[in-house]
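Below is the structure I would like to discuss, written out as C-alpha cells.
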Amino acid sequence: MKIHEYQAKELFRQAGIPVPDGQVCHQKEEIPALVASLNLPVAIKAQVLAGGRGKGGGVLLANTAEEAQVAADKILGMQLVTLQTGEEGTEVKTILFEQAIALKKELYLSMLIDRERADIVIIASRDGGMDIETVAQQTPERIVTVHVNPLLGLLGFQLRKLIFDLDLDPAVKKPFTALVKKLFALFLDSDCSLVEINPLAITADNTIMALDAKMEIDDNSLFRHRKIAATHDCSQDDVLEVAAAAHGLNYIRLDGSIGSMVNGAGLAMATMDLIKQAGVEPANFLDVGGGASAEMVENGFRILLSDPNVRGIFINIFGGILRCDILARGVVSAARKVDLSLPVVVRMEGTNVEEGRQILAHSGLNLTSAHNLNHAVSLLTAMVP
Amino acid sequence: MAIFIDNKTRVLVQGITGKEGQFHSRQCRDYGTRVVAGVTPGKGGQKMDGIPVFNSVAEACLETGANASMIFVPPPFAAEAILEAVDADMELAVCITEGIPVLDMLRVKQAMAGKRTRLIGPNCPGIISPGACKIGIMPGAIHLAGGPVGVVSRSGTLTYEVVHQLTCEGLGQTTCLGIGGDPITGTSFIDCLQAFAEDPETQGVVMVGEIGGNAEEEAAAWIAANMRKPVVGFIAGLSAPPGRRMGHAGAIVSGGRGTAAAKLAAMRENHIHVCENLGNLGRLCKEIFSEVRP
Amino acid sequence: MKIHEYQAKELFRQAGIPVPDGQVCHQKEEIPALVASLNLPVAIKAQVLAGGRGKGGGVLLANTAEEAQVAADKILGMQLVTLQTGEEGTEVKTILFEQAIALKKELYLSMLIDRERADIVIIASRDGGMDIETVAQQTPERIVTVHVNPLLGLLGFQLRKLIFDLDLDPAVKKPFTALVKKLFALFLDSDCSLVEINPLAITADNTIMALDAKMEIDDNSLFRHRKIAATHDCSQDDVLEVAAAAHGLNYIRLDGSIGSMVNGAGLAMATMDLIKQAGVEPANFLDVGGGASAEMVENGFRILLSDPNVRGIFINIFGGILRCDILARGVVSAARKVDLSLPVVVRMEGTNVEEGRQILAHSGLNLTSAHNLNHAVSLLTAMVP
Amino acid sequence: MAIFIDNKTRVLVQGITGKEGQFHSRQCRDYGTRVVAGVTPGKGGQKMDGIPVFNSVAEACLETGANASMIFVPPPFAAEAILEAVDADMELAVCITEGIPVLDMLRVKQAMAGKRTRLIGPNCPGIISPGACKIGIMPGAIHLAGGPVGVVSRSGTLTYEVVHQLTCEGLGQTTCLGIGGDPITGTSFIDCLQAFAEDPETQGVVMVGEIGGNAEEEAAAWIAANMRKPVVGFIAGLSAPPGRRMGHAGAIVSGGRGTAAAKLAAMRENHIHVCENLGNLGRLCKEIFSEVRP
C-alpha cells in the first residue's frame, strides 16, 4: 500500500526524522488562510500516489504569498499527468505547503526488501534529486548499497560504509547516522516494502532533512498496522478495483476488451496471455481465489460488466477438487442474476466435466464451453470480430 | 523415486483443527499420505478424524515420528509456526498459508540458515509425489504416478493445468511442487532442479515461472551450467502491466526488473525448451520427454 | 558478578516483574523503626552472595513485631555458614525485611547461557523451592527446558511449552507469560549469565511473584552496565582477591602453602596441578597476563606475600617473545623491593634463557632456576618439608 | 599441508593501528605471513609499515585479495568486527580479543550459521602452520615446521608450553591453534580434529583442554567414533575449586559440570592417550607419535 508524501512525513516526524514544516490542504477555500500563515519561500506539492510529479507540474515554488496562492489554486484540483498515471492523469485532491529549505547538498536514500538475498537493502547516492535508476545506469559507482540482516539490525560497519562511500562531511556524520538508524527502525516497525527519501538534504547548518518521502507498506502486514491502513486513500484507485477488493476479489483493470475470471493468480496471468495470443486484448486480471463459489462468480460478473470496454468474457476455472456440474450451475445462476448478455467462453476442469458442459449448453445463455485451452483461444478469436 | 517426499514421509498438520486444515488433512489422508499427527495449541489430547492432536510440534514429533509438517496457520502466526517446525528439527515444512508479512519471512529465512529443515512455500499449493504422498491442497486425481516428469512452479492452479496436460498426454510425474508466489520462499527453483537432477526416475522437468524477481533467470543460468536433463519452461504474465501486483505478492514487475520477456530470453539463452502457448504445453512435453525416455 | 537478592529485586521491580514489598537494613540501630513500619507476617533474609542461606539459618519468618526484632537482631551481623561459604562462613552485613506472601503454588524458573548450543536456556519446574539439581536428578520429567535463539527472541511456542509442561492453571497463563517475557528482556538488557527465581510464587489471587532472586552479570559486559557494576559488594570477597583485581591481576585464593605466579590462565591452572603433583597444595591461582612486566611481577609478589599461608613461591613464565634476561632482572628487582625472604622456584622460557638463569643465580636472593617443569616439581617437593 | 592456513593465506588485520595490532602484525609479517592489509575505520589510505590500511574489511578484501582476518579490536566492538569479516565473506577470522560479552558472542555464533567464514577464538592466541603462516600472538620461534603433530588447545601460554616440549623432542607441528578460553568459540575441538583427520601430513594430535563446559567430552566421543590417528590429551585444572572462574571466562566448574576428572575419564574411555603430568607431555608424544610415523 502506497501512502502520500504528507502521511509518510507524519510517520517520519513521529520517528524523529527531520522534515520541513508543512501544512496539508484539501479544499480550495482553505488556501488563503494557509497562505497567510506560511513562512516563505514555500513549496506547493501535489499529493498523488504516482511518481514524477515535478515534471508534470505538480510541484511549484513560491517566493511570495501571491505566488503561493496562484500555485496552490493551480495544483489543487488539477488533473496531473505523469509517466506513471497514464494519459488521463489523476486528480489532485490534496496539496502540501512546505517550507523551502536552504540546502548545500542533496543525497538519495532508500530502503527496500531484497527478495533474492532475503534481507533489507539500503541504497544511497550522492546524486540526490535524480532518478535513482538513471544514476544506476549512468554512474553506478556513485551508488552505495548495504545489505542488512533483519535479525542483526544495522551494524556499525554498515553505517560507516554509507558515510565513507558517500564521502560525507565529518560534521554531518552524526545526524546522518541518527537519521539512517531511525529510518531503518521505522522501516521495520511499519513493515515497509519501500521507503525512499529523494532528495535527502544537507542544510547550510549541517542538519539533515527529508525533503521528499515515499513509503510503501507491505499489504500482508496491514493487519498489524490498522492506523496506517485506515489512512489509505481509495480516491486515487480505480473504482472497479476498489469495488472488487470490497468483495475479496483480486482485480486489476486493463485496457482491453475481453474480460477474464480465473481461479488462481498464476493461471489468471496465463489466461490474460492466452487472450492476447488470441489476437484480442485482456480487459483485466481477475483472480476469484481457489474456491470459486457461485457467489464469487456472481461478484466477478458484476465487476467485469461494470467495465464498459468489456465485449466478451473468458471464464477459466481449474477446479481440481471442485465438481464441474456444481461450478456450471453456479455460473448459470450468476449469469441470470446479473442479466448477462455478453458472450462468455467457459473453460472448466474438474470432476463431472461433461455434465457441467451440458448444463452450460442447455442454459439458454450465451455460454460456450471450451474443451481445452487451445479451443478456448479459437473461440475467443471468433468472439470479437 | 521422487524428491523431498515419498511413501515413508510421516506428516503432521499445524493448524489441523481449522477449517482448511481439517479439509485438506482428510484429502491428503484419503490420497494415501501418512497423516500421523495434528498440532493445535490447547487442543492436545483431542483427535481429528482419528488423527491425534498435540499442543506442540515437538511433542507430536516425539510421539508419532512425524518428519514433515503441513502448515495451515493464519498469517499473523504462520512465521512462528514455521520456526516451531524448524525448532523441532523437522525434515520438511510445507507452508500453505497465504499473506504472511514479508518481514516475518525475512526473519524466518535468515533464521533457517544452517538448519536441517527444508521449507516449501509459503503461499504455495504444496508438494505431491503421485501415488506416494501428497502434502498440500492440489487435487490428487489429476496426477499420474510413475514419472518421468518433475514439475516445479511458483503458482497453484497453473501448476494443476500443467500437470493435467501432462497426465492427458500419458506423461506421469515423479514429484510436482509449487514453491510459492511470495517474494521470499523457502525452496528455490534451483533447489528443486538440483533434486530432480539427482533423482534417477526424473527424466525431465517442467518449470513454470511468472513475472517478478529473478528466480527464473538464476535457475536458467544454473540449468545451463549443471542440468543434463531436458527442461521445458513456461512463464506467466507476458501481458501483465508493470508496477501492478498480479495476485501473488511476488508477481510484480518493478523498476523494469522481473519481466516475462527477460525471463523467456534467459530461458532461451540457456537451452531451455520454452513453451510459448500454455495450450500446447502437454504436447511439447510429450515431444521432448519422449525422446529422452530410456 | 553476583549481586544481592535485594539488588536483583530492585532490577526486577524496574523491569515490571512483581516482587514482595521489602526494606533493606544495614545497621542494627535501624531495626526497631523498620520493624514498626512493616506489614506482618514478615520474612527476614540475610543478604549474602552464597547460596543455601535457608539451611544455614539466614532466613527466618516472623509473625509479630517482637519476633521480627529478635530474628533481625540474630541475622544481621551473624557469621553465616552455608555449603558454599566454607567453614568460617561469611558475615551478614545486610538484611532484607520482606512481606510474607500467601501462596498456593511454588514454581522454579531460571535462565542461563547454554555454551554448547550458543543460546539461552530457560529452565522451569513445578517443584519450586527445591534445589533444581536435586529435581533434575530425582524427577527429571518435572523439569521443562526451552532454548531461545537470541536473534529471534522468545517465541510463542516456547512460552506455550512452558505453560503446557508446567500444567499451569489457565488463570495464571497471562501473568506468567508476561513475567517470562520481562525476565527474558531483563536477562538480555543486563547481560546476565544467570537469573534464577526460586521460588516463583503463584499467589492465592492468581498473581505471580518472585519470592527469591538470584542474578549474575557477565563480567565481560560490565563496561556497558556501569550502574550495576557500581553496586558490587566487595565486602564479601576475599581481601587479597579485591587487592589483586585492583592491580589487574587475576588471582584466586586457595588453601595451600605454595604460591604461584604464572602468565596465562591455562598455564596457571596447569601450574597449580603441578604443585599438587609435587605433593604440596597450591595457595592460589594467579595469572599475571601475557605481558608479565616487572611491575606485574612486583604486584604479584605483594599479593602472594600477603597470604600468611604461603611458604614458598613458584614462578612459571612462558615468555615466548619475552626475553628471559629482562624477565629475570624484573623478578630480582621486584623481589628486592618487596623484601622477599621465602624460597622461590623460577621456571622461565624464552629468548636468552641462560643469561636469565645466571641473573637469578647471582642475585643473592633465594631464587632457584628450574630447567624444565619436572625439575621445578622436584624443587617444589624439596621446598616444603 | 596444514589445516585452515598455509603459505597462500592472505591476511588482513582488523585494528591494525592499535598498539597490539601493530606489534603483532609486524611479528606475523616477520614470521613470513602475507599480511596484505589492515583495517581501521577512518584511517583508510594510510600505511602501517608499508601495509595499506582501509576503512572497511570489504574494501580491503576487494583491493588486496585478503582471505583471512586477524582481529585486534577492543571488546565493545569486537563482535561487530567479526560480523564485518563474515559479511565480507572471509574464509577465516581469527579473533584474539579477550573480554567480549557472552551475549555478543551468542549473537555472532547464531548469525554465522550457514556462512562461509570460519571463526577461530575469540580470546585465543591464534593459529600457526609453522614455516608457512602465523595468524596470532604466539611466539613463532618455538615452533618446528614439517609435522607430524597437530596441536589444538583452549589455552594460550599452555599451548606454547606443549609446542615447546614437542619441538624439544624433535616433533614438528603441522598446525597449532588455540580455540579460545571463552564459553562461546567459533571453532570447536571437533572441527579441528576433523580437519587434522583429513590432513595427510598430520600423523597425530595433541589436544589440550581445561575445566568448564563439555567440549572435551564431546571431542572424546567424536574421536572414538571417527578418529584413526592417535590423540594425546591433557586437561588443566585438576586442582581448581568449583564455582570459581579460573582466568578464562569459560574455565569454571559449575553445578558439578566441567570438572577435569570427568574430562580425563571421558578421554580414557575413548582411547585417548592421557598425559597426567605436564612435564612429561613431550616425552609421551615422542613415544606415541614415533610409533605411527610412516
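As written, the chains take the letters A, B, C and D, and residue 1 is the first residue of each chain.
Operating definition for what follows: a residue touches a chain if its C-beta (ideal position, glycine included) is under 8 Å from a C-beta of that chain, and two chains touch if they have at least 3 such contacts.
These figures come from a predicted structure and were not determined experimentally.
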| item | value |
| --- | --- |
| Those chains which touch chain D and also touch chain C | A, B |
| Reference chain D; chain at largest CA-centroid distance | A |
| Between chain C and chain B, distance of the C-alpha-averaged centres to the nearest whole Å | 54 |
| Where chain B and chain D are represented by their mean Cα positions, the distance between them in whole Å | 43 |
| Gap in Å, rounded to a whole number, between the CA centres of chain B and chain A | 28 |
| In chain A, residues with contacts to at least two other chains | 149, 151-152 |
| For chain B, residues contacting two or more additional chains | 107, 110-111 |
| Pairwise touch network: line, ring, star, complete, or other | complete |
| Chain B residues within the chain C interface of the complex | 41, 44, 55-58, 77, 80-81, 83-84, 87, 107, 110-111 |
| Chain B contact footprint on chain D (complex, rising order) | 113-115 |
| Touching residues on chain A, where the partner in the complex is chain B | 84, 113, 115-116, 118-120, 133, 149-151, 188, 191, 193, 218-221, 223-224, 250, 252, 254, 262-270, 272-277, 282, 285, 287, 290, 318-321, 349-351, 372-374, 376-377 |
| Contact set on chain A toward chain C in their complex | 151-152 |
| Residues of chain A defined as touching chain D within the complex | 147, 149, 151-152, 155-158, 160-161, 164 |
